[in-house]
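Next come two complexes, and both contain chain A; in the first it sits with chain B, in the second with chain C.
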Partner chain A sequence: MGILAVPGIDDKFFNLTLFLQNLTNALANGAVYALMALTVVMIYKTTGHLNFAQGEMAMFSTFIVYVLVIEQGFNVWAAIVLVVLGSMVVGAGIERILIQPLERRSVLAPVILTLGLFFILNGGAATIWGTQPHSPIPAPFPGKLDDKVDIITNRVPHFFVTYKAIGVWITLVVLVLLLNLLLKRTKLGLAYRAVAANAESSLIVGIPVKRMLMLGWALAAGIGAIAGAVIAQYRNVLDFNFMAAVLLFGFAAACVGGFDSILGAVVGGLLVGVVETFTPALFTFVGSELSLVMVLLVILIVLYFRPQGLFGSKRVERV
Partner chain B sequence: MRSLPVIVERKSPWHRAFQLAAVLAVIAFFFFVTNVAENFSASRWAIALTLTVAILGLNIVTGYSGQISIGHSAFFGIGAYTTMILIADHGWPFLATLPVAGALGFAVGAVIGIPALRIRGLYLSLITLGLALAFPAIVKSDNFFGIDFASITGGSNGKVISNGDVTKTEGFHWNPPSWAPHGWTTNDWTFATVFVIALLMFAMTSNLIRSSVGRGLIAMRDNETGAAVSGVYPAQYKVLAFATSALVTSIGGGCFALASSTIGPDTFGLQRSIEFIAGLVIGGVATILGPFIGGVLVEWLPYWAFEVNWPILGRLEGPQAGVLYGAILVVIIFFMPGGIVHGLRQIRSKFVVMVPRLPAAQEFSTAPIVAYELDGSHIEPDHEIEIAQPTAKERYQ
Partner chain C sequence: MTTMLKVSNLEAGYGPIQVLRGVDLYVDEAEVVVLLGANGAGKTTTIRAICQMIDTKGSVDMCGVELVGMRPEKMAGKGMAHVPQGRGTFPELTVEENLQVGAYVRKDRAAIREDIDHSYTLFPRLGERRGQLAGSLSGGEQQMLAVARAMMCRPRLLLLDEPSLGLAPLVIQSLFDRFSALNKDEGVTLFIVEQNANVALDIADRAYVIEAGRIVLTGGADELRENDAVRRAYLGF
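Take a look at the complex of A and B:
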């Protein structure tokens, strides 16, 4: 048994189109993780917390998109815009009502609270919409069988890119550009960055720090709502558990890239996607169900050499 | 003068009386389960006790060292699988498997704990989150770096505690010995075994926390740099804390294998880890009694949620119990941030305050105070000067 299993129909030969197909899948999956990593980063930058309910919030938003589109007949994008706005309000509200009072207690309290939210949202969705997968899934992008760009057709298998995958990439790029515009070109963004850099000094110069923390949660909830809808279509699954695994890889992506870096979230997401797809494909000693373990190893390696992540900034602590 | 709260010095007769009452409560609990409660519930109580031990282990890391571990389900699983495999496939006696389970948990905990030296708080929680998700995958895997784990662990089918063939009626049974009280069932005997082991683990952890190691951990939790400056060597303590915590949890896992007699990979997933955290928070973080209350609630709460007809809610179903669970967590963290134990302590402090015993108050000379005039002549005091010894209560008010 060899160590390398070249991805292909025939293990002896390298198959270019299959490799490219794997790579696009990896990058599309990676973009999905990057979307979730973005939500993680938006909250971590200002509050320093991880929101374990992030995935469930996105799942809940996606279900509301589902209700609006499939049951009420809304246009998909109109529904997404509505739900994003609603999610932002709810996200800010959760921060204000549930997280802020716990802020001073301990590190543990907000974590436990988000774990509690996880249960409430997860169980709530299962109670309202049942535990069965739902279909049809609202489709933000054309998602029929032949909605794809054929690139190489004279080999077996064909190499093509689906519109769904392109949609994930476009969503990611647009969101990152918008976030950059918001953070780098507006006064609101300046205030947000100031709070991320030093909350106490920001307070002294008159920045409403608490509102900026709420903004972080609002942005995360909004991005999560978009991500949820896009991911549901891309993965073709909508049930009460569909975001749990995605969020874990999103955490991994944020961890690899650095918890306070938007660029890091994107690079980390793509890296995690590539590792997840390629390690079982490349090495025979890794079973395909172990991609999660591989991602865990990548986190460990990155943390060992760069504890702040690839693009994260070091936190200096005063005693 | 207020009569409440009553102030009780530690090690005074009254304090001893309180301690005696606590011991009696433990004994009463034991007799309640073995004699009064229904037979099926003895095995549930045994499982609840194994969970309390697991949460006790988590408490060492999360409560006393202030690091959040979401991966203790994996250590619980390591212990359970070690015990199960040694009993079922190698015919070991149950008690002999526990040291092995503990040692294995300790070793894996140390390996995980070493990278934890570099990572703090959130990062550790992420690594351990990954561990919780990876454990079932590794157990099910038939090709983990070339190792076929599934053939050892039974893969996704799990394992049943019996020697060899599952269908045979002979094989492993944890029967009460001849000296056990008459009428004890296997369940009662299992409970008694787990009870004694749990008692040992609680005593051990309680002593550990009160030792210099425990104080070092607490100091590091409160201010790591400050503790390091004061001579607590962080690297050593962190690895030790994580490994010891894994050891305690694995022993809980080993008992779980005995108590539940069937285990599968998904018994030890993320859900279990979150149960541990929930139990710890509900019971009381950084207390010795907290894990006990938490473990019992974690085991019985879903049962009560399903079986009891709630006043408004009616009978709950699976996902709704999840909502209830989450809601309890949120409510506890909001209104009783220290968990049930701290809540009880606050209520108790309205009535009784325990204070440490101080060194005996300074002995004052009983000789009369003598004063002299400037010319050296003696002045007789016109009355006895009495120096009041402060009572214990006054010292604390």
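Take a look at the complex of A and C:
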């Protein structure tokens, strides 16, 4: 039995339950993009770099979760916590050992380095775990066929929400709340935001700026590790390439929302998810392969009117 | 009188370009010392070298501690505060958060709270705007915030880099009145880099003149005010 019984208002142009089902998928996909956009934002805020290896770092972390859970028999959440902590250490280490020495050379060098990381992690995972999709996939949330909330069942198609989708939303909400708590309520968070606002003045007041850059990478790697595990279950795929497309949409989301805004990452992610899902549904001449083009169109429109993104802050170059 | 800061044979620059060619100067405790110079003479570089924000050679001695070779983020803990040229504030933080960040090296939370409230009595405009983002303040208010923020680490030595830059004459006057009060009432030693020699010499005890990376003239503030070269170059006579 569904929760709601809805009288028939459908006609050949509009099917309510189909619409609601599409919307749910759109918002769940959108939350997935928002998670990756968050990781992009955490690094961009302090360092001003885009990390192209973000998705592959998350992919690698997810494979470690896979090894711990499926091969070693760990509890899935225990494994995620371990991998998140490990990923944070590795993320901070990458910043310290690989990025920092390049920082003085040029703006482009660290970005090129993250491209290199992308290929190393991507190829490394393919070498270690092969190129075939892996299953079973570790399941942070209940993911069997009937693990869903039926909402409308007296219409065709049925409208339901899977626990996996709810899990993605919960993950996003909890992470955003925790990040807000960290950034707005702690001295560490204040120092992180100070470095994002003015790195030179941060040095003057005694903030170890380089450690804050490492913190940005640590947070991004940690969020990516959770996101990877949740995304693998939600999309039901775990292979060496599974994060590449997700990160592309995550970049799109961060671009729309503003590269330095947490709120922007969330709104941008959801917006990208809605555009991606609904343009093929609304305009039949747009096949699903073209939905990325529609997303790019939205980016173009948003950036035309707000070059800093919907919630990004305008940066004035300081001399 | 004890020496607060003693700079000897200071050399610094940017990459292959050497700006400072052996600067010597000292600042005594509770003094107000001004460094005058034209554009490109090395005023800002002197301050940045003292703060270890650029690679330096020579010696910067603060109360017996050698600073050359230390990391720049260690300066605040040594009792040295610095208001950089232009906007030394954190535009995306509120006024109150700017002051909290200023106290980053301190652990005494209750006293930090008191000092923030004290800043609001010193600079009432900041108190009115405590919840506002610093980036939305006017130029003069931002400069006041930068000074109040610098005072939050309870410095013994405050370095000010062209605090009058881009401000209206009335605002400049009131800002320098505050500097004078900080020196007299709170006992803070001031080292001020300025192009606006008139207003700076008004509150200074002594002054240095820097040209092409070297100190070319030094003396009491009144003495320099009467010096013909200084009058022509910096006082507009």
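In this text, the second predicted complex is superposed on the first by the 306 of 319 C-alpha atoms of A that agree within 3 Å, B and C clash if a C-alpha of one lies under 4 Å from a C-alpha of the other, contacts with A are read in each partner's own complex, and residues count from 1 in each chain.
As a working rule, a residue touches a chain if its C-beta (ideal position, glycine included) is under 8 Å from a C-beta of that chain, and two chains touch if they have at least 3 such contacts.
Note that the coordinates shown come from a computational prediction; the quantities given were computed from them, not determined experimentally.
Undergrad: In the superposed arrangement, which partner chain does A:73 touch: chain B (first), chain C (second), both, or neither?
TA: neither
Undergrad: Who wins on chain A residues touched, chain B or chain C?
TA: Touching more of chain A: B.
Undergrad: Looking at the overlay, does A:115 come into contact with chain B only (first), chain C only (second), both, or neither?
TA: Only chain B; A:115 stays clear of chain C.
Undergrad: Based on the superposed arrangement, let me know which partner A:191 touches: chain B (first), chain C (second), both, or neither?
TA: second
Undergrad: Have a look at where A:123 lands relative to chain B and chain C in the superposition and call it first, second, both or neither.
TA: Touch status of A:123: first partner only.
Undergrad: Contacts for A:313 in the overlay, against chain B (first) and chain C (second): which applies, first, second, both or neither?
TA: Second partner only, chain C.
Undergrad: Could you say whether A:207 touches chain B, chain C, both of them, or neither, answering first, second, both or neither?
TA: Only chain C is touched by A:207; chain B is not.
Undergrad: Taking the superposition as given, does A:296 touch the first partner, chain B, the second, chain C, both, or neither?
TA: Only chain B; A:296 stays clear of chain C.
Undergrad: Do any residues of chain A touch both chain B and chain C, and if so, which are they?
TA: Shared contact residues on chain A (touching chain B in one complex, chain C in the other): 319.
Undergrad: Which residues, counting only chain A, touch chain C once they are in their complex?
TA: Touching chain C: residues 187, 190-191, 193-194, 196-198, 200-209, 313, 316, 318-319 of chain A.
Undergrad: Which positions of chain A touch chain B when the two form their complex?
TA: By the definition above, chain A touches chain B via 48-50, 98, 101-102, 105-109, 111-113, 115-127, 131, 240, 248, 251-252, 255, 259, 284-287, 289-290, 292-293, 295-296, 299-300, 303-304, 307, 317, 319.
Undergrad: Where on chain B does chain A make contact in their complex?
TA: 62, 66, 68, 115, 118-119, 121-123, 125-127, 129-131, 133-134, 137-138, 140-146, 223, 225-226, 229, 274, 277-278, 281, 285, 317-330, 333-334, 337
Undergrad: Report the residues of chain C in contact with chain A in the complex, numbered from low to high.
TA: So the residues of chain C in touch with chain A come to 51, 53, 72-77, 81-82, 84, 86-93, 97, 100-102, 104-105, 149-150, 152-153.
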